[in-house]
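Scroll down for the structure; my scribbles are underneath it.
First chain written, first letter: the chains are A, B, C and D, and each begins at residue 1.
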């Protein structure tokens, strides 16, 4: 399952799924993709009983794309060793052995490992609780803007709003990808496209990693101007609403 | 004289000064500081009859600080050679001779020379007319915001508005440096302080080099929120006014 | 099969294998790993009738590790589409479709793509014939050094000497890994270890990508001093032999 | 006076000059240029009674060129304040005042200040005694090579050999600049030219900052090959002599 669904801006309750598996007495392994969630929202591989966690460098870890990571439980390792199927991704023995001495069986992306070291220092210096609160606050500011525009947030359930990105549903008759294209051409701002069924119906605003209140104001400014230039009737100024929100809600211990 | 006055946001009419000197038949050399003006606003060392031009890397040339440049007229070189005073800055013979073969008498800032090469390629590819129009448009957007706030632009004469930076005069009772400090702490945005007589009475917004409409919206957002948090009564939203201005005035051939 | 065997310093005759497959009328696909060979030695995916080629960024392309590449023949694509087995690495349809518009189905290593663009410009400006000749010359210089030491090159067949790296076989009683460790500690030089059966019996000297005659002299200097400090009896100075070789054999059109 | 004479590879006894000035009861200020000496050889602004010290970023501090530094004694500051002459370089009041709060009166080279911070951390972590010993050892290795070639070190007095660079005097009939040019073209190695009276008679080998034994072996290799290609009769191999020297003289606590 996916910890933070990048295509929709919805989070999942990993611990609840684990409890359900356990309640059913089912032996299935629990695998979680937290590529976009890690270091933005709380995530507990051990605490939540996850068997296989997958993440990557290019989201909350604030690095260029180029490396991904696995965390695996003893149960998963045991299953991997017993499994009869031919496997490559799931053949962990070699990398586990090499990792004990700090090496890899194949050539690692050395440069990003230096970056990862620095990124982790930055995150730990800030404190994970602060990091998570920072992302929640940005998400709340962005949702305030969307509400003020009179538009809908893609995620319908407030209890699973993503602190990482927010999907903006287009009003009737507005093609999200045409808006995105106009915003890119006029304002040099690249927004995430709607994926799959949501294609053309929404676009996505990221609010994660190394950004701040004002880079989000810039982003919302580009969205607001682009929507208006595309003929969308907005009920109010989301930019101002978000700016007021950020001004009224200082982040305690903000850096 | 100064081509673009960084402390106030006022430009000077260099050619007019040259004409006045010539009309008076005065032998004075004309020296111009265009450190913040070069590559933001039109500047013509030869065309305007300037004798000594001084510029630097860290403004319109979009580089880190670290190198500055001189352009000198034949008349200035001649005066330098005839001058009896002991001189160091003005002793150009050695550097002029070395420059003919592409070298310097002392160790140059090699790294910035590579950067300069790239920056000049970027500016020439865009075209200087476009570069200057881009800066004028940003300045107009920022002034629109200030006007909408009900505040004054430091420069009182529209014919000499700077395309590089704009000074914002504080309303009665608001300390510009306290506002700047609050904006820096709350929004991670660093604004230029008022200098000399203007200290505490204004702050400065730069709109030059490698920025775009939305980075200016971010800047104006930080200013607007900071002014309000500081108790300033603003007549309207400058952020929205600037956003509307930028949306309504696309830059022809914008990159 | 492997184009350039990194663990031994031996190249393979890809075209001959293709001819043998064809002569036998066998339908097998020909897959070649040229991770360390590409851009060091001639390689012809189409000309040699290769079906699947695999390469990477971190060798002849002079980039950090982090991206790898596939070239696939029509025959391989056809086989992939007909194949019944579940597949992930070999499921090319999605990436082939996205690549036509310059995109990827997953997040690419954007930074290295910029680097790749620059690296390819550098290689093409130099000319591939010159690039290959440059590597052959370095390899010849390194073998001259090894011969002068009275040691053996790991590759016994001169017709398949690698232009990319050369394995140095230790004299009786000398542990290659102890020599490598001493060289690393004393001279800050990291040499490739012997792999598999060759472990402890040889070490490997790379001579590829962005190096030059003198960086190889430095490398050979570290090897020579390290071997002597480890008690190896050398017949002569390989450093001097290589230096003489490089001096006597200028690379035509050397940059 | 100059702490380490870059054009000849000779150091000066700063403390002795101070003692001589004091013994003569002369009020002169003592100004020292340690641009190439600082962080390579011991230097004590306060301990040696220097009044004005000048240094720069691009030598022992291992940074690109772009910033220089002054250290000034109370006596020098006092003299500056009393002096009647118009002054710019020597007008320290403004910068001294700004520096107390960590700022500069003019735009500083911010990027190099970050680099300086890192460079100083590296030097202090290694320990200055170790840094100085490292440079002395490299200089001794290079002189061993020159002696083995049968050539002369430019500096005739062993008590003032420079730990930073060494001048190599050409044998009769060999033009140093022709040798330098050949070495540059054939081996991509750039050596310092002879300056002033020494032009054409010597070249200079730097051994400072971020280098190691093997980069010096590479340098000496380029010199040796270039001298021989230029027709110089060398008595022996300086490369081998230096390699033996470095092997026989490990640096205690070498990194």
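Note that in this section a residue touches a chain if its C-beta (ideal position, glycine included) is under 8 Å from a C-beta of that chain, and two chains touch if they have at least 3 such contacts.
As the structure is a prediction and not an experimental result, all values here were calculated from the model.
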{"item": "Rotation, 0 to 180 degrees and nearest 5, that superposes chain A on copy chain B via CA atoms", "value": "180"}
{"item": "Most widely separated chain from chain B, with each centre as the mean of CA atoms", "value": "C"}
{"item": "Centroid distance [mean C-alpha coordinates] between chain D and chain C, Å", "value": "40"}
{"item": "Separation of chain B from chain C, taking each centre as the mean of its C-alpha atoms, in whole Å", "value": "52"}
{"item": "Chain contact graph, described as a line, ring, star, complete graph or other shape", "value": "ring"}
{"item": "Touch relationships between chains, expressed as pairs", "value": "A-B, A-C, B-D, C-D"}
{"item": "Residues of chain D touching chain B in the complex", "value": "56, 58, 64-67, 88-89, 107-112"}
{"item": "Sites on chain A touched by chain B in the complex", "value": "186-189, 212-215, 217-219, 221-222, 224-225, 228-229, 237, 239-240, 243-244, 246-247, 250, 254-255"}
